[in-house]
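The letters A, B, C and D name the chains in turn, as written, and every chain counts its residues from 1.
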């Protein structure tokens, strides 16, 4: 296969697309919608994952003072901790602030009949070297007025466990949707080829090899996949803007937005689109080439 | 060039289309295949380019065993042949020029070569003015001539034409036959299945007659009907 | 029965297929339409069943203005006609029997009627043994006869046949022509576009000749070629 | 159109399906997968909704005792309330039980540095007549030892607001998926019809009216839709069993399972499948009937 014939085969694919407007539209829109749904799910899954990950950084060492200890005493303890080696920062969190914050993220706490703020003052300590966390926690634990010290281990474990579940469920969801999208897209391609079975037979009768028939159709699948992916990306962008506008009021949604750049998303969709398009065409053509 | 030995063809639905055909056609020959409708002419021709495989017997074309050919080799066999199909088999999504170009692309011709050869072929069958038309935009006779042009365009060593003049008026038919004769004189083997008795009688070529899948007559310089003697 | 007045047909791609045709065919007539390939025969016939609409002029069939017919009325026009298409147009997913049955179902025939009439039509064209075959399982001639059987099956008052013998051997062709003649004698109007000079000459019917979309000859008891005098 | 021709047209549809195995398979599986995804989303949405709704019934009148009041005193108060008119039941909830339960549903409460159970004992009061809730609450408020009485109003409002959001988001999701599924399915049908455009033209040439061509194809669409819907239902059943088995460990998932019976689900899917199949065929045929 020399260069001019590669050229010809690609040209073939494009005239094919042009002359079969309906087919092209149906295939491309099917691909776009399938990938759009898939992409939505991937975004939500990534967002959830990102949310989980963002939680991890929150826990380093939490120092809860005795209930008797007031804010000034807490501040003094914080200053002391701040001067210890390996400590990056030691910030006082007043019980009032914490309680307000807690109620905001856990609205149902209020319905449980609480009659006063049950929280103590606390200090948020960040270390410069994560490996020192435990030894630091042990030192702080011995200080006056300190009731409990959490070195984030347990929280981390809890969050990680939840993250694993979320990751597992969303990975399963993405795989199911990927399989579904692949199947739907390859069905669409199969039907467009079915509509052209006569054409394929004629090509073979005038001496075309299987590859000569296949290449333009695979190129066509690739082009459909790529265009469909771009359309899906646009849909997601538009949908994302719309959702962002309407659901903005929900505070917990903001935490869910993922930080993958839109170019990566576009690239990912296009790769998946092209892969499905090419593979779908390749597999579907086989049955029409047999005779 | 062509050797058939004890060839039987049975289609999927049990129809016996050929019954023990023995036949040879030499290089450079011109032969008509005649017989009433359903007698097996098209089936015989289809054997040669491996559209059907014999259920029994051997088919040798150009020294190659077509009956047991690997599927991957079939395209290369077909590229050496020129075939006019009874139902034309033009690519519906391509216009006339592209239909011919496709047949040439398949054999790897260069773009310049393609332009020249398509120009020649269309001029030969008188369709130069139709080169932008799609098959459904052409009359029956134009489609038939397009099919003939496609068969000629790659200078085949064996030209197989199944009823190439069924949709042509007598004058055009005769011109096409003269064309096939020219190609034959230039060295190609030509096999024509036809019902056109006037042409067969006028051309005085070898006539192979089939009836219900049996070879019932094979004579040189024959006529359409067997001359009762 | 048929009245064409100043009919022009121009296809989408600008091809003028008919140029100011004026023509009448009376009820019960039998006429051949001849002319070289691409002269407009099929286009003329397509006008009558409204597959194409004239770009100018009026077409009246059976007292109905076909040129300005509402799309919803077209099926009812076609049901009164029997049409043999040049490229057969058999339904590829239906076997022979079902192809004929469909044409009868369309006009609302009863199941018993359908069985009887299909049996008769298949016997007439000699295809009774092929009734289970799908179009791609039939030879060219068999498909052609199937198309003829379908056109006859609903007892049309006007039978339009476009090249009905292009794929048939001379004997079968002649039988088919006798059949069309019978149908004509029983009262139907018959229009046949053909290239078969032997048949035209032998039948001695009205001959309408077209050339590049112009009517150039219209004579009763004519021959295929104009007799120079 | 008499009976025998209706009969014929339906018969037509079935031979059509039989003779076009590939097409039938591709269309049906596309429908099944699209409806399957749609169904999954509907189930999740209904589950979430159901969870919300189930929360509503939980609040009628919550009576929180003073912190000093012990369990026996609370029980006495509950007995007194139980004898009041319009009261269906008055159940004591010990602070320990409530706290255990609260921690279970709000695991992050523990990480907030709480040093003792902050909850008081409480009484869950259900009334026989919802319109009496407020007046009952006012009566109870005057009793000894009672600190706060919540008549559920506020909670209800809060839950209802959340429920509205969930409902809105899931309704939007269902609509987007429904539109997507409709589009994908009608594309598949369009492609099967495209493959048969020659056939449709021939039918019209032998005198078939548009309806005569249309009816078998619509019947075909209906059959495809129905079979696809049944397949989707089976997929959901199987998927549901699988998910239930693997995600059983997650406590919050149990609350999300919806209670719509599987027959209703099946019926819903079949109706949607048939509607999409019929409408998809109907709309798609038009372009092929024009000439």
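The rule is short, and it goes like this: a contact is a pair of C-beta atoms (placed from the backbone, for glycine too) under 8 Å apart; a residue touches a chain by one contact, two chains touch by 3 or more.
It should be emphasised that the depicted structure is a prediction, and the values quoted were computed from it without experimental measurement.
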Query = Count of steps on the shortest touching-chain route from chain B to chain D?
reply = 2
Request  = Averaging each chain's C-alpha atoms to get its centre, pick out the one most distant from chain D.
outcome  = B
Message = So the centre of each chain is just the mean of its C-alpha atoms; given that, what is the distance between chain B and chain C in Å?
response = 28
Query = Once you find the CA centre of chain A and the CA centre of chain B, what distance in Å lies between them?
reply = 61
Inquiry  = For chain A versus chain C, what separation do you get between their C-alpha means, in angstrom?
reply    = 65
Remark   = Check: chain C positions touching at least 2 other chains come out as none
Numbers and ranges of chain D residues touching at least 2 other chains = none
Task = Report the topology of the inter-chain touch graph, choosing from line, ring, star, complete and other.
result = ring
Task = Can you identify all of the chain pairs that touch?
result = A-B, A-D, B-C, C-D
Request  = Mind listing the chain A positions that touch chain B in their complex?
outcome  = 2, 4-5, 8, 15-16, 19-20, 196, 198-199, 202-210, 212
Query = So in the complex, which bits of chain B are touching chain C?
reply = 11-13, 15, 34-38, 41-42, 86-87, 132-133, 137-142, 144-145, 162-163, 166-173, 195, 197-198, 224
Query = For the complex, which residues does chain C have touching chain D?
reply = 49, 51, 72, 74-79, 81, 83, 85, 89-94, 98, 102-103, 105-108, 110-111, 150
Ask   = In their shared complex, at which residues does chain D touch chain A?
value = 22-23, 26-27, 29-30, 33-34, 36-37, 59, 62, 64, 67, 98, 102, 106-109, 111-116, 118-120, 122, 147-148, 150, 154-155, 158, 165, 169, 176-177, 180, 183-184, 187-188, 190-192, 194-195, 239, 247, 250, 287
